[in-house]
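Presented sequentially are two complexes of chain A, the first with chain B as partner and the second with chain C.
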Partner chain A sequence: MRRNVSVAAWFVLLAVCIVLPFSSEDSQVLTIAIQTFILTALASSWNIIGGFAGQISLGHAAFFGMGTIITRELWLSGAPLPLSLAAAIVATALFALIIGVPMLRFRGIYFSIGTLALAVAISLTIGNLFPGITSMPVEALRAYTFTDPYFLALGAAVTTVAVAMLLRRSVVGLGMMAVRDDEAAAGAVGVDVLAHKLAAFAISAALAALAGGAFAFFSVSYYPSYPFTAVWSFETILVTFVGGIGTIVGPIAGSAFFVIGRDTIAANFEGFQVIGFGVLFIVVVLLVPGGMVEGAQRIGAWVVKQGQGRKRDVEG
Partner chain B sequence: MSKARFGALVAAVSLLVAGTVPVAAQDAEIPESIKVGAVVPLTGPFAGGGAQVERGYRYAIDAINEAGGVYVEEYGTSLPLELDLRDDESDPNRTTAILEDLNGEGVVAYLGGFGSPLHAAGTVIAEKNQIPYMGVATALQALHENGYRYYFSPFPKSPDIAVSVFEMLNALLPEGERPTRVGIFQESTDWGEELGAAWTEQAPNYGYEVVFHEKYTPGTTDFSDLIFKAQEAGVQALLSLPTPPDGFALFKQMGELGWKPEFSLVVRAADVPTWNDLGDVGDGVFLSAGWHPALGFEGIEPMNQRHIDEQGRPADPVVGGSYSLVQILADSIERAGTLDREAIRDAMAATDLDTVAGHITFREDGTSPIENPLMQRQDGAVQLIWPAEAATAEIRYPANE
Partner chain C sequence: MQLVIQSAISGLLIGGMYGLIALGLALAFGVLKVLNVAHGELVMLGGYVTFFLVAVVGLDPFLSMPLVFVATFGVGVLLYLVLFRFVVRFDIDTRIKNSLLISFGLVLILQALAVTFFTADERAIITDYSTAALTFESIRVPFIRLAGLLVAVALSVGLQQLLDRTTFGHAIKATSEDWALASLAGIDIRRVYLVAFAISAGLAGVAGTLIALGFSVSPSIGLGWTLKALIVVVLAGLGSIRGLIVAGMLLGLAEGLASVWLGGAYREIVALGAFLLVLLVRPQGLFGRRE
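This part shows the complex of A and B:
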């Protein structure tokens, strides 16, 4: 029964998302929704390497950026969008596999610093190689509507969440979580530690590239180095922690909370959005390490406890 | 929380969101004001320039509103201008997001900020939303070659800057005393590429030789390698276009390493008043900010006086250009006779107006045939050197003596 309700809730949420662009032409509403979907896809993809496999990568922006630049360059050169996206996903996954072999031999903080250094180096290189802004052609600009980017971003979010769901229930996913919980113990019972880390890294990178492709299709203009900047990695990690690392719902809830909260704070307390979320991150890590998901569970447990207490009082 | 309860919560929130989607409302009444959207860098690397832009917009709007506002024929009355000015933190990606928001607020036109990267981002959104956009403090010619209809910029562009510096030097300095050995410190940006190429192309036409030309990444904090190489190459005239923080770092290190060429043109970074904090090494530097109060155009005096009263110095270079944009917009709205964006855009394209930045008309590509004044910082004051007929001081050359 509970499972049925849960499945129904997912479908209702999806249905609302599908109906939204037909019921509202408000560009602000659609922009917020698209940003939420892209961040959801990115956070869910990071959750696979960070939450499932326990490898705290600080260089996720590199994969997101690769997704944007490959998709954008091919698409603006005339290649069909699906082909451009597919090329971006495959190339990024291959890149992750190649750099993952040496990188994943590092553990803990060394892996984190290594990924951050790599991402910064790539970001600077892209900034030097592509100094000019990338803009859609004039004809495309004038014909631009939010509908197509909306559904691509929604598709990226749904795909990423679905992959995370399937992975979590799979043998491979269980192997990743075993590696996360105790590498030595996992290895001792026959789990190929490096292979599982590598699989998580490549899948995570490929899905980040999908999110990047959605960003490239949505954004009318941006500097090519922008998606490679560290802020994307940090926002991704922030929303995953705030939502609930290692869970399916966490990255979705965290992304929605972050995008809506950021815009609300920026509109009312200009300049305070960065420090606001910085403080929130510290509070979450200290008080509710499981994020919004754990917070909701605690509140739910408290409500149930209160209800049972009242029931006992009445019966007594 | 159980899955069932979580599911119910998701469903409830989803329905709530769907039910509260705003529905556009039509209001046929006379608006209380004319909404104008501006996105300006008040924080971040371009904050120094953004503050000047903000002042220019504010002064002009106050002056127009105090004079009764802008007459709109459609409503048969004059309406005040209402400026919705927001800080993009010098981040082009914030620029685009804010301009999208302002579109939703129903602004009739956009006014841009400071620096080509921000304008490059802004003009694209203007074109997408089909809202007229004006900007100064941007010399990127390439933006006018995209076929955009909604972008207007009465500001000198890279080809003007490239030519005017050599014209000025040749006119003011006798042959044999000119700084003919040119060094270019080129920022790795689209505008850096454009202006670097323009300087390189024009130098030989005026008898100058580019003996050193190197790129650097924006945000660079160590310029010592470039400085040593330029010194070795015997650079006499340094041409650069750094952001204010990069420009400050560059000149501070030049001071520390004891190098000051005979002539320096620092486009953009030297525009900000805090440049004087550099002391001797920053003094004598030329800037190309598009305007100076001594140009003597109609309307400068009251604006300049207000600036002196508030800031204790004559109007900063970017204030005048920014002020003129609001004048052009008000004139365009009045001639359009409506608040329709397309009509305002068409009226703007047909501008033929005397402003504090001179007489403004627009070419087909949105640029304006406008002279490029060159200024020199002399003992902390910004002196107009070029055009010679309006100069407030003689050129101080060589600057390193």
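This part shows the complex of A and C:
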């Protein structure tokens, strides 16, 4: 019963997302939706390495950035979009596999610092190598609509969430969570620790590259180093924690809350959106480590308890 | 050849800054077991305090250093009381993870505040002696950067003396070795945490002065310096105070030489490469002892 309700809820959400661009021409609404989808894809992909496998990577922007730059360069030089995207995803996954072998041998804090160093080093290098802004050519701009990037971004979000769902129920996904909860114990019962971490890292990177591809296809002009900047890693981690790390709904809820909230605050109190979310993030880490998902569960449990209490009062 | 020598000298001088910033970072990590990624934002803050002391009050930047230390020490006290006090209640593993995440939030907040109050403009402090330098043929050693290195070395030695020679220093060392035992021995570890964190912030502030003088300040400089400092801390061996300045200078030297041979565009890769290599070969760090 509960399962049917949740399956139905997912389909309603998906249906609303599919219908939205046909019912609204408002470019602001569509922009917010596209940003939410891209962030959802990023957060859900980070959740695989950070939430499932428990390795706090601070370098997710590197994979997102690689996705943007490979897709953009190939696409703007005339390759078909699907091919450019596929190349970006495969190349990024391969890169993650290669760099993952030394990186994932480091535990805890060393892994976090290492991935941060990786991302910042790549970001600065890309800034040095590609100093100029990248813009869509005039003819592409003339034909530009929000609908195409909308569906690519939605597709990226749906794909990422679907992979996370499948992974969570699979043997490989369970292995990742075993590694997260107790590396030594997981190793002792025969889970190949490094292989599971590596799989999580590569899948997570490939999906981040897909999100990057959507960004490259959506954005008219930006500095090529911008998607590589640490802000992207921060926002990804922030929304995952605010939503609920290790859950499926968390990254989606966190992203929607973040993008819509950021826009609302920015419209009313210019400049305070970052401060607001910074404070919120700190409060979540300290007080509600499970994020919005845990908060909702606590409220749900409280409501149920109150309801039972009242029933008892009536009966008594 | 002169280019190589010049790059090596520049690298060594900037490396002193890496070492000084790493000093504060390592102190907080060693004692409180918190990793403060917002350490670079404290450097940025110190840079701005100096900038306004020089621009508004007309103080000499080097004379402003004690004031900057006091100001950022105060910021450290505040941050500890408002935030990190709650982090040190967790067990060690959770402390590291939570402090990392919380200081992430802090990075966002402090950067946004800096943009709001100081604007996003890049600022540098210009003095009468800004361009003065020791010159040997065409090789230049700018005075202010040289002075920066000397200050870094002096602060490092001073901190080491504080830890080795004073009672409070012994309390800090004892707490960083084993806080539970230190607490049983009658050390007020909350006070040790507070002071160690505040000193760490004060050191960041002074580093900010030197960076505003020798380089430049803008709201977004923090993370780049934090990253270099983190790498230096790992290179020297996590938790060790000794050897940080030397490790910083080695990193700066490697970067300087790499920019000659690989071209400036790739110099940032060197830090990453050095980090990976050292960790793979010597997981305990260059100067650390194997546990």
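Criterion: the second predicted complex is superposed on the first by the 316 of 316 C-alpha atoms of A that agree within 3 Å, B and C clash if a C-alpha of one lies under 4 Å from a C-alpha of the other, contacts with A are read in each partner's own complex, and residues count from 1 in each chain.
Here, a contact is a pair of C-beta atoms (placed from the backbone, for glycine too) under 8 Å apart; a residue touches a chain by one contact, two chains touch by 3 or more.
Treat the numbers as computed from the prediction; the structure is a model and nothing was measured.
Annotation: superposed three-chain arrangement on chain A; chain B versus chain C shows a clash. Set against each other, chain B and chain C differ in how many residues of chain A they touch, and the higher count belongs to B. After overlaying the two complexes on the shared chain, residue contacts for A:Val249 are found with chain B alone; chain C is out of touch. In the superposition on chain A, contact is made by A:Gly278 with chain C only, not with chain B. By the touch criterion stated above, A:Ala91 is placed in contact with neither chain B nor chain C. In the superposed pair of complexes, A:Leu124 makes contact with chain B and with chain C alike.
In the superposition on chain A, A:Ala230 makes contact with chain C only, not with chain B. Within the superposed three-chain model, A:Phe241 lies in touch with chain C and out of touch with chain B [touch as defined at top]. Contacts of A:Val172 after superposition: neither chain B nor chain C is touched. Legend: residue contacts after superposition of the two complexes on their common chain; A:Val220 is shown touching chain B, with no touch to chain C. Of 1-9, 253-261 or 379-387, the chain B stretch that intrudes into chain C once chain A is superposed is 253-261 (criterion: clashing C-alpha atoms). In the three-chain superposition model, chain A touches both chain B and chain C at residues 124, 128, 271.
Against chain C, in their complex, chain A makes its touches with residues 56, 58, 102-103, 105-106, 108-110, 112-114, 116-118, 120-121, 124-125, 128-129, 230, 234, 237-238, 241, 271-272, 274-275, 277-279, 281-282, 285-286. Within the complex formed with chain A, the chain C residues making contact are 35, 83, 86-87, 93, 96-98, 100-102, 104-109, 111-113, 115-116, 223-224, 227, 230-231, 234, 238, 264-266, 268-269, 271-272, 275-276, 279-280. The residues of chain B lying in touch with chain A in their complex are 1-11, 14-15, 17-18, 21-22, 24, 43, 86-87, 89, 92-93, 96-97, 100-101, 103-104, 117, 120-121, 124-125, 127-128, 130, 142, 146-148, 188-190, 192-193, 215, 217-218. Of all residues in chain A, those touching chain B in their complex are 1-3, 5-10, 12-13, 15-16, 19-20, 23-29, 31, 124, 127-128, 131-133, 135-136, 138, 141-142, 144, 219-223, 226, 249, 267, 270-271, 296-297, 299-301.
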